[in-house]
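Chain nomenclature is as follows: A, B, C and D, assigned in order of appearance, with residue numbering initiated at 1 for each chain independently.
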Amino acid sequence: MAENGSKKIRLGMVGGGTGAFIGYVHRVASRIDGDYDLVAGALSSRPDVARESGRNIGLAEDRIYTDYAEMARAEAARPDGIQAVSIVTPNHMHFGPAKAFLEAGIHVICDKPITSTLADARALAEIKPKNGAKFLLTHNYTGYPLIRQAREMIESGRLGKIRVIQAEYPQDWLTEATSDDNKQASWRTDPARSGAGGAIGDIGTHAYNLLRFVTGLTTEAVSADLTSFVPGRQLDDNVHILLRFEGGARGMLWASQVAVGSENGLQLRIYGEKGGLEWRQDNPNYMWFTEFGKPKQLLTRGGAISGNAASTMNVRIPSGHPEGYLEAFATLYSQFAEVIRGGGADYDGLLPTLRDGIEGMEFITASVKSSQNDGKWTKFSDV
Amino acid sequence: MAENGSKKIRLGMVGGGTGAFIGYVHRVASRIDGDYDLVAGALSSRPDVARESGRNIGLAEDRIYTDYAEMARAEAARPDGIQAVSIVTPNHMHFGPAKAFLEAGIHVICDKPITSTLADARALAEIKPKNGAKFLLTHNYTGYPLIRQAREMIESGRLGKIRVIQAEYPQDWLTEATSDDNKQASWRTDPARSGAGGAIGDIGTHAYNLLRFVTGLTTEAVSADLTSFVPGRQLDDNVHILLRFEGGARGMLWASQVAVGSENGLQLRIYGEKGGLEWRQDNPNYMWFTEFGKPKQLLTRGGAISGNAASTMNVRIPSGHPEGYLEAFATLYSQFAEVIRGGGADYDGLLPTLRDGIEGMEFITASVKSSQNDGKWTKFSDV
Amino acid sequence: MAENGSKKIRLGMVGGGTGAFIGYVHRVASRIDGDYDLVAGALSSRPDVARESGRNIGLAEDRIYTDYAEMARAEAARPDGIQAVSIVTPNHMHFGPAKAFLEAGIHVICDKPITSTLADARALAEIKPKNGAKFLLTHNYTGYPLIRQAREMIESGRLGKIRVIQAEYPQDWLTEATSDDNKQASWRTDPARSGAGGAIGDIGTHAYNLLRFVTGLTTEAVSADLTSFVPGRQLDDNVHILLRFEGGARGMLWASQVAVGSENGLQLRIYGEKGGLEWRQDNPNYMWFTEFGKPKQLLTRGGAISGNAASTMNVRIPSGHPEGYLEAFATLYSQFAEVIRGGGADYDGLLPTLRDGIEGMEFITASVKSSQNDGKWTKFSDV
Amino acid sequence: MAENGSKKIRLGMVGGGTGAFIGYVHRVASRIDGDYDLVAGALSSRPDVARESGRNIGLAEDRIYTDYAEMARAEAARPDGIQAVSIVTPNHMHFGPAKAFLEAGIHVICDKPITSTLADARALAEIKPKNGAKFLLTHNYTGYPLIRQAREMIESGRLGKIRVIQAEYPQDWLTEATSDDNKQASWRTDPARSGAGGAIGDIGTHAYNLLRFVTGLTTEAVSADLTSFVPGRQLDDNVHILLRFEGGARGMLWASQVAVGSENGLQLRIYGEKGGLEWRQDNPNYMWFTEFGKPKQLLTRGGAISGNAASTMNVRIPSGHPEGYLEAFATLYSQFAEVIRGGGADYDGLLPTLRDGIEGMEFITASVKSSQNDGKWTKFSDV
């Protein structure tokens, strides 16, 4: 990755007060490649938390806000105002800030899923961003170098026509009922804040987005069986989905928050007429590649494989020196920085957009509907 | 495993001529623990092949048969006649020999699936075996020591109530169209000899049988999406199935013969309220066990775990000295030998029976029917 | 592997009474491919144990012996006497039986190390076997198909000139002091029965034999640091050795009986000018192969690799169906059976011989001497 | 890890011009936790490269230097001068800058090995830093959370008294002769710039430092066999070392730059009277822990294990979200920032110091000497 410290972008943040997981992740991601300076924030809706959180990360007093709308107004008015903002609030609080900043001409970096309802997602697509402000959805797993490489290999035909996709994303952290004290758990299991999907929205969308990103296939319909195993839980904590794609490929998607022994086991396996690829997020520097009739090969991030631009473009350090989750996240940030600067880099299709966010909501909504209809095959156009 | 060389059982074989994979496997399995003497056979329906194959493995000339019915008659009449017979023909040729030998009072060891149609399987259950002749179905993967241990751990509550089951059995050997020269492939892809299921019958049943064996759960219904990817192939080569179990557990089952890079990747993962287990057949001496909130443990065949009889009962050599497919197969043979001798060993529930064979056919038939009905949830009682 | 049941070889056994680990292993190995009938034995020096053990495995009363010398005499005199004998006693009891049976014209299959002293090993080489009786040393790990394949790959230059060898064999079963009740442990830690080496004789020789078998390199000298960690133990339980080979290659060999967490971790890694190979015994159906500058390949037993006879010759069942320790052991037995029958099969260099046994003792003796001399580089010709 | 953006430290850099691997790594490491602002640099001894590299990363023109001595003087004189400097030049260029900045009262962060000669290292210890300027040696692998956890587990007796250490660091990037164009390779294989050790200085010291860091054992003596396999290479590219520690523990250390198929295979395995630990750098979020007689446990970074402060202190994101090489490096930077701020955090023994640097040079020098003396056991006090 290139360093471009001379052209830092002024960044703000909505959400992400002290103790918030994903806000912290976004901040680290924005720092790794040195493309951003975080200079303003509405880090919490609670004024005291907002203030203390802002001070803690070094914001100037006059750029610590307690209200995102005020922040959008004030920053747009400053000559040194922020050029981009990261939205890292719970799902139901994505729409408002996204609209406000886009309409203020400030680029938006938004955590996934894009909104808590499909209607909100579609409404967001109707907004007219001022001055061509752009939108990045942080489906961060698409930033892993080997995921980019997998996409390129499939695009260039190394696997032949795709037949079978196995995607899964098991976790176990919600195996037992959670107390309200658990900040991460409480909003994710609350329909009012998270939306109609539990596991399917929090992690199922990641798995779905990843398989779409890598294969480029168009989904035809889904058949879902969503379950909520923990007594009292309102949202699904286990997701079984069958998928059909245009052209005939078939898929399975499993997401779970109650798979004991699974930390963050996102895995993608893709099989075509000529070859197969297998990748796991928890050891992301390796990917299995098999050409039919030949031994399996273990591809490594940045390691030896011929004729693949993606295998080097997204890599910071040599193979054998593991990169991880934060670096993959940072790749989205730094490539979006290039887009903001208008540097001409062509990341078309590589950086997740509003369109990907809407499709994610369609996936959630269609799956929930299918599950309610006893697994009836459901098209995205039906929701 | 005990050796019991002083009480060898006289064994015959139907099918398994030179070049046949599974017949060879049965013979090795019968030899490993020294419980059987193979003394008679109708190894092929082609007389010359039957004769040469018989000589090759050391059968006496007068006990090389070319017809199973004749063999059943002749052996039942001899004072030194066979006490048991292994049936290792293609699926559609299981029913006839099984009936003939059971009715002749000779114990039957039959390869899976039990028959090529559900009707045949149910008919077999109506037969009256002479002299209490017994029936063993070689769902060989149930013979792996760690699979026995998993079953015992679940039975004794180590995982708590089961919630989620992930079973899969990917292979890639039928990725391309096969010539008629490939003996293994040709009958497995031919509905007349294999039955209504392709991958689902050949390997899907193994995965299904294994999850049933280990969890003891009763299946409520299946929703299936069966596909035949290779042009011209009449039977399915890729199987996606959702399962519902009594008590609320949910499962997914994937079987494939076109998953490039998969040799024989049978895998079982089971998650309960308190713990999880994960096992792969291609490295069968290891099993992951996680108690919720504790580090994953790597259990080893014959290795350290407290209070588990199964962990030692089915083991031949110390942990670290890998046992494999043939030993697991042999365990079924040697424990069935004990049953034949009436030695009192209690293998109830451990050795697959006619009832398991019928359920396997119900699973195949219900899945095929569900797939034809666009994934409609289908009960076994509906087929 | 071919089956040759029509030409079974009559086999005897010395040692291997009930409860003995390695005697049981030899018996299973002799059965797997159906080449042998075990018909006589002096299974213990204690008459009652010998008798009960013999009955247990089905020996006729008149062929249960309590003395190996008597057994050699009697069997040589019978028209249906044994043609081969397996010697599975503790190390110090190898020489006597080996001499007796070879001089009686009976082929000998002897467990390793060949003797308990180098002098005995050299004396054995002076014996004149009657009627060309042959000798097999069961360095069983050489029977693994991928080990055979590795040997062939190196011989044919796939790795280029060998530079570095890393061999290791960690176990942990002697981490604590053992009671006399532990039959396996007690003789292995007793110099009178085991010889001058502890871990180096029991497992170090296996690792050494394996690296020699696979690379074909000639050892120039060793520098050793042997340690006995457990208080009161007389023999080494941890072995660190540096090796120099003719032609300039270098090696390290680690063997340990106190490496907590290691069951039977024999591992061999070999690096040449053009490629590298890595293999572990505890998952023996896989081997890593890297050509410099290309991705690592995972070779599988019986799987796809071009132009390698060894990759198929020693395989029983298709890749993905794991074979293990007993099958590798059985391969030595069945190929020795071919040699006994004089069938013309050329296993020269593949089946471990008396010469390998002597070199194993030289390795032990030179290492012990080097360690006593503070790691002085020691040649085998110096001991 | 805490964020402390309100108290950023002004940082300079010596070396690390465009294209330099380790300089880039230091810059990323300094950014990840937001503790530093890089504001000055003498990034190259070639003025044009220094200037362009400085501009590229956003340095102000007047703080781009072409001479480190001038930089030390000028920055010490500025009110907003740098508080710390990173030295990322080739080994022989560490001493001069380190001395200059320490004597100017500027904290030094220095890449390893500390110098190119033991004499330089010892001379560095004689310098009187102005104003208590501190020194950090970036033995970055000590920053991995599980390495910290291993150290704490051993310190608290979880393994019992240590017996055996196996450390290794294989790479393959110098398998073939390198051209002068390869900047990374050329100075590392040049005695004038790298010092007396090749692989032993570049990677052997890492492995040595790591085993010392984790076990706390004191080295008694080393016996080494260093080899240079590639024709024309002046320095060792393969290192075999035996180690003896006070108290009786024994070790082996292998480092190689010609082990084909090894990317950056740093591995540490430690065995004590009660337990064992195994860790690999290329998958650093996992560590095996075995208590004797119990199943192996797979500990995860930030995952479940009781009573271990280190298991959480050095972690940024939840288990299952992999952290890598850059994060471990960053931990040294951010904890050194706390030390610089005098915040009272007690990292005594955790952050590598000048004393560790000297011991690293003693290790290199003693090993080279031992190898020249045919493996004679050599104490650090002898060099």
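A few comments on the model shown:
The rule we apply is simple: a residue touches a chain if its C-beta (ideal position, glycine included) is under 8 Å from a C-beta of that chain, and two chains touch if they have at least 3 such contacts.
Computed from a prediction, not measured in an experiment: that's the story for all the values here.
Its C-alpha atoms fitted onto subunit D, subunit C is found rotated by 180°, rounded in steps of 5.
For subunit B, the chain whose average C-alpha position is most distant is D. Per-chain Cα centroids separate subunit A from subunit B by 43 Å. Separation between the centroids of subunit B and subunit C, computed from CA atoms only, is 34 Å. For subunit C, the set of residues that touch two or more other chains comprises 262, 289, 296, 300, 303. Listing the residues of subunit B that touch subunit C in their complex gives 3-8, 21, 24-25, 27-28, 31-34, 38, 55-59, 171, 262-265, 281-285, 300, 303, 316-327.
Interface residues of subunit C, counted against subunit D in their complex, comprise 159, 163-164, 166, 168, 172, 175-176, 223, 225, 227, 229, 238, 240, 242, 244, 248, 250-252, 254, 256, 258-262, 269, 271-276, 278, 288-292, 296, 374-375, 377. The part of subunit A that touches subunit C in the complex is made up of residues 289, 293-300, 303-305.
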